[in-house]
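Dumping the structure here so I can ask a few things about it.
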Amino acid sequence: MKTEDENGKRRREEVCPGKKSTLDLDAARARIADTKGPEFWRSLEELAGSPEWQEMMHREFPKGASEWLDSVSRRGFLKLMGASLAMAGMTACTKQPLEPIVPYVRQPEELVPGRPMFYATAFTLGGYASPLLVESHMYRPTKIEGNDKHPASLGGTDIFAQASILEMYDPDRSQTINNLGEVRTWGNFLEAIRGPLSAQQAVQGAGIRILTPTVSSPTLADQMRELLKIYPQAKWHVYEPVNRDNVLEGAKLAFGQPVETHYKLENADVIVSLDADFLSAGFPGNVRYIREFAKRRDPDSVKMSRLYVVESATSSTGAKADHRLPMRAGEIEQVAELLSKFLEQGHPSDVFSSQREKFAAAVANDLRAHRGSSVVIVGDHQPPIVHALAHSINQALGNVGKTVFYTDPVDANPINQTASIKDLVADMRAGKVDMLVIIDGNPAYDAPADLNFADALKSTNVPVRIHLGLYQDETAELCQWHINKAHYLEAWGDARAYDGTVSIVQPLIAPLYNGKSAHELVAILAGQADPSSHEVVQSYWKKQHPGADFEMFWRKSLNDGWVESTAFAPKQVSIRPLPSISAPTSPGAQNAIEINFRRDPSIHDGRFSNNGWLQELPKPMSKMTWDNPVLVGPAMAERLGLKSEDMIEIELYGKKLTAPVWVQAGHPDNSITVFLGYGRRRAGRVGTGAGFDFYPLRQSATAWVATGVNIAKTGETYKLATTQGYQTMDTPVGQRPLVRTASLDEYHKEPEFAKEEEPPKDLTLYKPYPYEKEPYAWGMAIDLNACVGCNNCIVACQSENNIAVVGKEQVVLGRHMHWLRVDAYYQGDRDNPKAYFQPVPCMQCENAPCEVVCPVGATVHSSEGLNDMVYNRCVGTRYCSNNCPYKVRRFNFLLFQDWETPQLKMMRNPDVTVRSRGVMEKCTYCVQRISEHRIDSEREDRKIQDGELQTACQQSCPANAIVFGNINDPNSGVSKLKSNPRNYSLLADLNTRPRTTYLAEIRNPSEELGS
Amino acid sequence: MDERIGQTEAGRAPVMEPGYTFGTVTDKISSIVLTRPTSNGWFLGFGVAFLLTMMMLYAIAYLFVKGVGIWGVTIPIGWGFAIINFVWWIGIGHAGTLISAILLLLRQSWRNSINRFAEAMTLFAVSAAGIFPLIHVGRPWLAYWLFPYPNSMGVWPQFRSPLIWDVFAVSTYATISLLFWFVGLVPDLATLRDRSTNRAAKIVYGILALGWRGSARHWDRYETAYLLLAGLATPLVLSVHTVVSFDFAVGIVPGWHTTIFPPYFVAGAIYSGFAMVLMLAIPIRKLYGLEDFITELHLQNAAKVMLATGLIVAYGYVIEAFMGWYSGNRYDAFTLWNRLHGPYRWEYYALLLCNIVIPQVLWIRKLRSRPIALFSVSLVVLVGMWLERFIIVVVSLHRDFLTSSWGMYYPTRWDWMTYIGTIGMFLAAMFLFVRLLPMISIFEMRTLLPEAEVKE
Amino acid sequence: MQIFHRSTNTISRATIYGAVFLIAALLWAVLELQRSPYITYAKVARPQPVPFSHQHHVAGLGIDCRYCHTSVETSSFAGIPPTKTCMNCHSQIWTGAPLLEPVRESFRSGKSLVWTRVNDLPDFVYFNHSIHINKGVGCNTCHGPVDRMPLMYNENSLQMEWCLDCHRDPAKNLRPREQVFNMRYEPPSSLKPLTLDGKEYTDQMSLGTDLVKKYKLRTVTDITSCSTCHR
Amino acid sequence: MKRTPVYGMMAEFDSPTTLVAAAHRTHEAGYQKVDAYSPFPIEGLAEAVGFHKNRVPLVTLIGGLVGGLSGYLLQYWISTSSYPVNVGGKPYHSWPAFIIVTFEMTILFAGISAVFGMLALNGLPMPYHPVFNVPRFAFATKDRFFLIVFASDPKYSPAETRRFLESLGGRAISEVPD
């Protein structure tokens, strides 16, 4: 069944529209096509940009309500609809209009209308695949889950994979093939390149240059090799702004060959991170590492591991550290050297010349005590020598084969990417390039500044410039040909996970805008007759797996989500003598201010900047959204008289740009950190203009760390949008026991330390409601020890529950809509504080303060103890939110939902009501999932099994920090956790009796350094 | 009746200047309504008030189109100007019923010359207040869901919610005040019916007078009913602001959850109510030359009432602060600290100045009889009482339990337009009232005359 | 002097005391309208591209509900038949009937028929067919005598109070599972007793109460919780 | 009252004192159907014209009881039998929370019945009334006081009654046409 739900918004109740929009895909596609591709959207963008529009906005939203102005550029389309819809809602609460219902002509066999289906596929970032299971309603992918069978996921995902579903439906994605801005067809393109290609045959493709991002796809790699056979003189360049050159060079330095290093953290008692943020999205294998790390942080069952972190910025990894040493990136090398020195000789005396020496000595001793069960991990942006040192240390400690493993690189073309793009630009300027094919990259925006790629693309004479990409971005602008790329959920492909395991990427939906995949483009270049990505991928695997049982093999691979026995075997490599220790950096450099370029925790290198979910996702440590201020340590800020939101001018190598400051507790002194990926010119309605572009400061020689920045206060200020009011638990009248912590020893001495004396059950006139009589009583326990603040749960929740994006100005006003938030608290020394994460969903209080004050009974208790929120009954007094001590309720102050964009309607989860203006909303433990499982289990005449029913946040959590289930069943996972001595409820003294409780955080400091 | 002209004890101003008869009293008051043409001053004043009313309607219309997001409200401060203004207006409304009901029961004959317009003031204040709960909800077109009626959903209001209590309390209060006011008007309407020379006016007043003819039997029942209404209105007026205070006291927000609220809300209400009465009485008696009826005595008494209630309010603040410290509760303690040192401390200091410090000048007898001085003090008190509600609503909400969810509140132009607009609406209504109806109860004034006494 | 005529006495009283009744009457009218077919479409046949007759197909030809509504036992949505289903027969019979042209056209062109939805709940209501079937709620309990409907209409108001009426006392509507699809099912009576598990029932309530136990229905409190239907 | 071409005999007085005295005398003289009119309530006048049973308080009491009872029962029925729901762990019958609405309903109904009861008992509204036929009666709402003996009174006789009223010092005695 497919119900066209066009008049959804005019229905009796305006909370509902779009919910059941199980849209007719073809119809939707048709409608998108009918509106002549880009015009449909561009017209709106133009409208949003045009002076008349601005003027109109002024009239409609006078100054003071100025948030609108900006929202237009952000979410203009949505705002555009606001008024009309609100009116519709006001007038149309009487009669339900007739609704069409549209059946298939021929219904697919496997389809049971109204029931979702799951398909295995994989999301790729920087070449590394995250294996996924994607939920599909009537062939519309709606939700992304991790592939629980796959070693690289075990059910978890990272924020980028979760949010990629929104990217797929992004109405701003490129929808056409363009030639010099004119819409063209694929056929036009094929004709157009036939000539140039044949010309190249003569010169063996000497003029062909192909620029790809990191490629781990065996098929694509194979295609490229084939292509290079046909055009021996052609060159394959690889570049990504967030690359792993240093890792590669480090490996070469240590072993003379490129190797992939990965870790078994479940075997590690001692983990030392040298500026490695291995617990956050973007680090290869992070999902698996988080799982293993969290497993070893459980103080109750296993020997709890100890984490030392030396870092040049603040990261969630640093937040979880038992001992953290903030240090300028340039000096971490010296720590590494000290470390290896002390490991060999030990520390001569117990007098230490410096903090770092003391730290290094202690770490060395701990490592020595844990030979074979320890690991040293180095961050991608640390220079090769540090990686090499780490390799030698791991070798020396005998960790290789236990906690550290070497394999062939996942990258199919492991070359120095910075060098590669340098060569490319050189060739371009030298006029050697006749045909440049840029596959899925945006070098015009993110290539090193000193190469000035954009200029090279413009001014140098490259006759044929082809760009294949998801967006018509800064690079597409400069190429004659732009081909709209098919999203990975739209096309076939394959990719390797961090351990080498290959996943087949199978599409969930036919390309919305007939986009093309890299496979198809390369096939064309190789002179093949326009094969489909499916044919390309399958034929490659036929070669790998010849024989009659290919169908079997193929089906199995698709089913499991990975190809059997493709994981790389561990590799034996021997360490080579390292070059003599470089001289310590000169004191001059010591005092010079250092600048760190880092991938953004939310939008990576900028490729996700048009993704509203990620833009509005609070960055783990600063809770910053929509912006990338310059991070400055407190001491330095004081010295320079800087406050958060001050504008500063940064000067590096003569280049100047201005950006706001954010004073970040725990950031090392005399150093600033900037996140890449913002300040996009052509990202789309969401990303364009958000934040500040720091690529212009980034030189190929100093891609990650540069010294000698000059900083000057400009005097202006800039409003930043953070989602957390205060990041401390201390108030002038005493500390609040929100996150409860203890050291391992303290915990062993007093296991019950977290139990604030909870009010006795009979502390009320009324006798408690008999939940114990029910078959189910839902509850949740969140292990603060396991949570690494990766934010994955937030995105998963947003995706599962159709949660709206509100835009920067609304976030500034405190109107963000996240049902689940992760609070980050700092404690102690501002220069190196302890940091804690606390995910806060609705507590589902048994004595819910919100319910008692609701005049219309829009929020009341279900018999299973859920704090139901009935959107269609809510009149929006906001009293419940006022009376909620946890402030987990979210209110639609304006029309935040997009009711118009067909793509976004297709994305919605049909099992969750879409809330409209004037309605309160909040977490309900994914009640739609509860109902689904209850009904299924009842049909099968059984009870819901523990673990079979998972909330979205729980399912996506890589750390298994969130456990949900039936607390009436003493053997359920959640009951077990709740009986743990660390279990406590937040603000227990209010006697709200929350169903969501926390397990106190335990740190494991070493005696030597103390806590 | 206890006090009569000339019988006032030494040093005390009379309820009414001597020398009036039934006839002169009647003519003086009714002529205000019956004289034509209307003065330009009136038109000017009314015009301004009317424009402000239109501004309010514009702001509300835009609100309905866009949603409450155009206001400064946010999470955690879910309530802002709307609720502050609601409580402020309701509070002001209390003076009318208090004067007409409680003072009647207490046989305070000086009430007779101010109860009529005090009651009118109450009605208009309550209707101004009534606007806010309606428009502040996210989906105002569904506000009728707060009333229990048999709907096709089979669901009902939730009677544990203070907002439902509000609905009943405020609507009851409005109804009773209206009846009280109208019943008081009937005999005077009859007078106007008989005095007016204009045919149309005769008919209109005639209809409204219901054919009142002053029969002894009627007067007997009339007085009983009037007294009973007073007896009913007295607990009602106390209950209404108690219920309003429950909106906060029932909540668990530190700064709301306190038992002192009901009494000190009621006191505060009377406080602001009398301030408003004075602010209206002083110009009116001047403009319409009613100094003989609204005498220094009235100013004196009103001022004394303000002084008394002001002190009760002050006591409320003290207890609040004391409990914050004494309870040892970390959240209440912080709320106190936050009022004194937080980002809104200046509002709090201003509140203390307006409601506690400045009104102390009313101890000075001379000042109590100086219209200008009284007028200014009343103005200050009204501002102070508005600030009190700001502190209670905003400052309590903006920093509650979880530090992570603390926030700030910034009112927008729409907040201000709506607030000022209601003041305009209130004044417009007052202007119409003084023009069309006797602003002083004529028949009750007659009873104050010596000749009204039956000599045996 | 007299201002008013004698009659005004009666008139004025009539207006005042009559107003009360007038207002009451108005309120009553509004509440009635709210439940009237004008709002609910109850018993009002919808315009359809093809005048499909359930009467003919169900009563006449005796086709089982599940032949077309395939997913009714397994999914929240009962499913409406794809054109293919119609053509299974109509490629053989009535192949030329002009009434069926839209169907054939759809089958030829591959463009779906666009029906008007009959039993249509608001989008914030989550109804699940499979569980109702499973618990012994007959099709015609909600959909009415479909086998007597030449043109389809919804028998009931489908308003919340109507749903609640059953959710508050399921016993009065339950029937044995095997009778769910029986359009002519009659609740047991002393005249037509019903035997189930060797027990003879002569009235609905006793049968219903036993079925509530047999089919493990959740308690009334459970199934009148908001989140049972609203999410 | 019985319809006769003549409604009654009206006399005018100029002070409450004289009116009350006159009313007493008239009543003592055996006239039963008598009434007095004054621009403001006068103590003892009603008794003087023989008015004793005032039912307004009773009506009010009944109104109050009805209001209070219906208020509480409504809440009780809704919260315990019509649609009982678990609200914040409170029992269905949360009587302390129901007190306020009950109280308000009591006041509301009592007040309304007091006012409309009073009007009804007074037979108001009655825009037309024979006494308005007397031109000078317009002063009854200003500063004049009137006494009337109804024609329906058994002891009423135009000549006799007029003489009697004159003896009371009533001025401008006139027969009130019906």
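The chains carry the letters A, B, C and D, assigned in the order they are written, with residues numbered from 1 in each.
Here is the rule we go by: contacts are C-beta pairs under 8 Å (C-beta built on N, C-alpha and C of every residue); 3 or more make two chains touch, one makes a residue touch a chain.
On a predicted model such as this, the values are computed, not experimentally measured, just so you know.
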item	value
Between B-D and B-C, the pair joined by more C-beta contacts	B-D
Chain at the geometric heart of the assembly (C-alpha centres)	A
Cα-centroid distance, chain B relative to chain C, in whole angstrom	54
Inter-chain centre distance, chain B versus chain D - centres from mean C-alpha coordinates, in Å	30
Between chain D and chain C, distance of the C-alpha-averaged centres to the nearest whole Å	58
Per-residue overlap in chain A, given as positions that touch at least 2 other chains	849, 852, 854, 857, 860-863, 873
Per-residue overlap in chain B, given as positions that touch at least 2 other chains	153-158, 160, 164, 193, 206-207, 210-211
Two or more partner chains touched - positions in chain D	83, 85, 87-88, 90, 94, 125-128, 132, 138
Chain D-touching residues of chain C, taken from the complex the two chains share	1-9, 12-13, 16, 164, 221, 224-226
Residues of chain D that touch chain B when the two form their complex	15-17, 20, 23, 35-46, 48-49, 51, 54, 56-57, 60, 64, 74-75, 78-79, 82-83, 87-88, 90, 94, 97-98, 100-101, 103-105, 107-108, 110-112, 114-115, 117-119, 121-122, 124-129, 131-132, 137-143
Touch list for chain D against partner chain A, complex	85-91, 94, 96
Contacting residues of chain B [partner chain D, same complex]	21-23, 26, 148, 154-160, 164-165, 168-169, 171-172, 175-176, 179-180, 182-183, 187, 190-191, 193-195, 206-207, 209-225, 228-229, 232-233, 235-236, 239, 243, 246, 443-444, 446-447, 451-455
Residues of chain A that touch chain B when the two form their complex	62-65, 82-83, 86-87, 89-90, 93, 724-729, 731-734, 736, 738, 810, 813-815, 821, 823, 825, 838, 840, 849, 852-857, 860, 873-879, 881-883, 885-887, 889-895, 917-920, 987, 990
